[in-house]
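Please see the structure below; I have some questions.
Per-chain residue numbering starts at 1, and chain names A, B and C are given in the order in which the chains are listed.
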């Protein structure tokens, strides 16, 4: 009896596609599960239908990469088992292979795997402030997705806020799309940008692009302010403007939408359910699945790649996807080009070193909660305020995020903490005066996203391979 | 460095039993050290269904259960929060006439205990509970049973004990425990040495280890409930529901979520941890839709499981050790400890301070397993 | 309510009729439910506990804040659901715990 090898890749962004390409080259036929309508992931997200826009128009400086990746995937489709619109909501029995519980257009299935490669990507990292739940407030990634995939801007008159390269890119993209960009509010101090100088010799393209966006925004008369902290969104049922502080000055800007974010946070729930060990990453200020240089986790035959294993961006994700695939191939006892792995590891390492510099140039606002009033919602699903969380922390002497969840409901709602767990960890560590690492990480629970109660009724099983 | 603590009573296990015992004993004026390997109330006490139910318990549990019934409305006074306790009523359905006959027989058996069961036939059931659409032969309603939030109640008892002066050591595993002739030594955590006159074993699914350490092996097995919770939904379900024969139980909390359970989860490689089984969750969900068609469009946002202990006869072990004076056991609640735990805490306090309980607990003596364990020992 | 989203492309794409709170509206082929609704209005739902209005947040199926109710009380996640002709949505009226929208 020959043992069937069935690799399953979760996610069809740059990491998932990079992995699938390499596995197919090695003669394997992976199942590729993706929540999206079309492969590409978030950064190279494709619209539902062709809307006549060029790659250049849609993806800007990343057009060539996007086009190459999309074409590569389209060529792969006959050689893989590709299943779009498929939510993977559970991982079971991973000691000797296992299965995934998936939901695809209302149908529940179990999909068996011998090897699991998680390329689950990331979501925006956000922090609460008064009005962040108002209609018209979106994440930076959301604003970009609306434009890229739907050809819409999330408002007519916008303010962009936060920290990270995406801030300037999205503001520029919105300006080019015809929206009125009122201001770019960088929460990092101007002085932090000096770190970019050391990036110049290593990644001149990043610097050139950054300068390009900044200069174009400036030339168009867009105000760029540094060291900003928001006071509040103005408007009850919608966004009428934003009040913010720069130094001692309080200012108000009128707008009907705000897009903001502070880089990204890895989607790690499936790695957690697969039983992978986690470690705290200082750069991401987050707990991430442990991985070796190629992407092997602590669990045999479970691999991670791309932003879901630590934020490094699309270029790194593509390399990491291929690396994880090489590890998988090696674990099957097949030879692979060791030179290729070494090249990829070196290139991946270079990107991570650039990320270190970018993190200093676009710092996370560690003092955020010092100025956010207690009435602000911390958990937008369960609608738990900062005061309520603080009361629980102080009266129950809470020092750990799962305990905070159990006793205050922060992170207990529909999004399973995707929108509040980073903030909750920062807040709790601030109250306790410890590093975020010390408050632990929110444990994932199946289903990692809501599933219909009827799933067991309409489901049809699928024979395990 | 060794930290030495001297105390009257050491309690291993900070679940609802251990915590309520700690509170009661501290209030009786004795020094208490409460030890938990994790957070207090984070195991079975904190992750159970939350049923505060007398209906369905064995007759020998009912005196204890009635005592607990009088404690629950006093939670705010006792521990500072009401724990979302509501006397919603507990409605136990019978799918078949045969099951209904069992409910009738049970009602007759426990009539003298005064828990107030009302039997409702199939047609009357429809009239009383129009939202209930599954076919049922009948049901038994215990109007004064209800439910509460275990996530809040169990830790609150531990905090109340601490406020009353108990020493609470969380994240402190017991490495070794032994009798010193006139008391006990508990070696715990990183160099903590606790000397106590008396010792309470309320370590839930981990209690067998400590019972065995004193020559009282017990046939304890671990069970893992399988729980499902929906998103918040409009308030429709006024009672906590159960079914004759088990298989399904469900309640709707004040915030709108349906909390439902049935079947069993499964242990992970480390049996201290478990995961809900998708198959069990799926049958819970199917039954939920059959019972409450208004949930047809509801979404499930979380499964969970926990680690509970079960004894072969379905009753807990409560009472003094038969081998070691000063040692008391309270464990093995078979997935039904939440409601009676606060009364068990008081009983343990009575045993510790007065040597006897005012509520009968003889049926729960560890001695009932003596023969069985002796038999096991010889067959090994 | 003022539309929240502004279409920049696909403006002349094939129309897709849908109903919002009983009124006929027009979306465009290639729209998600979210784009269709927010191109003609300013909200998607009201929250359970405070009743405040929400209009989505992340647009990639993570935040679960864009659940939209349909007249049969089923719900769709607006940002990850493609608009189909004849769909109907209810974004106003009671949706809280005492409401009847998805009973």
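Keep in mind that, in the parts below, a residue touches a chain if its C-beta (ideal position, glycine included) is under 8 Å from a C-beta of that chain, and two chains touch if they have at least 3 such contacts.
All values derive from a computational prediction rather than experimental measurement.
S.K.: When the mean CA coordinate of each chain is compared with the mean CA coordinate of the whole protein, which chain is closest?
M.R.: Looking at where each chain's C-alpha mean falls, the closest to the middle is A.
S.K.: Return the chain pair with more inter-chain C-beta contacts, choosing between A-C and B-C.
M.R.: A-C
S.K.: Taking the mean of the CA coordinates per chain, how far is chain A from chain B in Å?
M.R.: Centre-to-centre distance between chain A and chain B: 41 Å.
S.K.: How big is the gap, in whole Å, between where the Cα atoms of chain A centre and where those of chain C centre?
M.R.: Averaging C-alpha atoms per chain gives centres 24 Å apart.
S.K.: Measuring centre to centre with CA averages, how many angstrom lie between chain B and chain C?
M.R.: Each chain's C-alpha centroid was found; their separation is 44 Å.
S.K.: Can you tell me which residues of chain A touch two or more of the remaining chains?
M.R.: 382, 413-414, 450
S.K.: Residue numbers in chain C touching 2 or more other chains?
M.R.: In chain C, residues 48-49 touch at least two other chains, as defined above.
S.K.: Give the residues of chain B touching no fewer than two other chains, as numbers and ranges.
M.R.: Residues 255, 296-299 of chain B each touch two or more of the other chains.
S.K.: For the complex, give me every residue of chain C touching chain A.
M.R.: Result: residues 1-2, 4-10, 13, 29-32, 35, 38-39, 42-44, 47-50, 52-65, 67, 80, 82 of chain C touch chain A.
S.K.: In their shared complex, at which residues does chain A touch chain C?
M.R.: It is residues 35, 37, 42, 47-49, 51-53, 123-124, 133-139, 141-142, 145-147, 150-156, 177-179, 237-238, 256-257, 267, 380-383, 413-415, 418-419, 449-450 of chain A that touch chain C.
S.K.: Tell me, which parts of chain A touch chain B in their complex?
M.R.: Result: residues 90, 92, 95, 101, 275, 382, 395-397, 400, 403, 406-407, 412-414, 416, 445-447, 450-457, 459 of chain A touch chain B.
S.K.: Which residues of chain B touch chain A in their complex?
M.R.: Going through chain B, the ones touching chain A are 39, 42, 46, 151-152, 155, 159, 230-231, 255, 268-269, 275-276, 278, 281-283, 285-286, 288-289, 295-304.
S.K.: Considering only the defined contacts, which chain B positions touch chain C in the complex?
M.R.: Listed in rising order, the residues of chain B that touch chain C are 232-236, 255-256, 294, 296-299.
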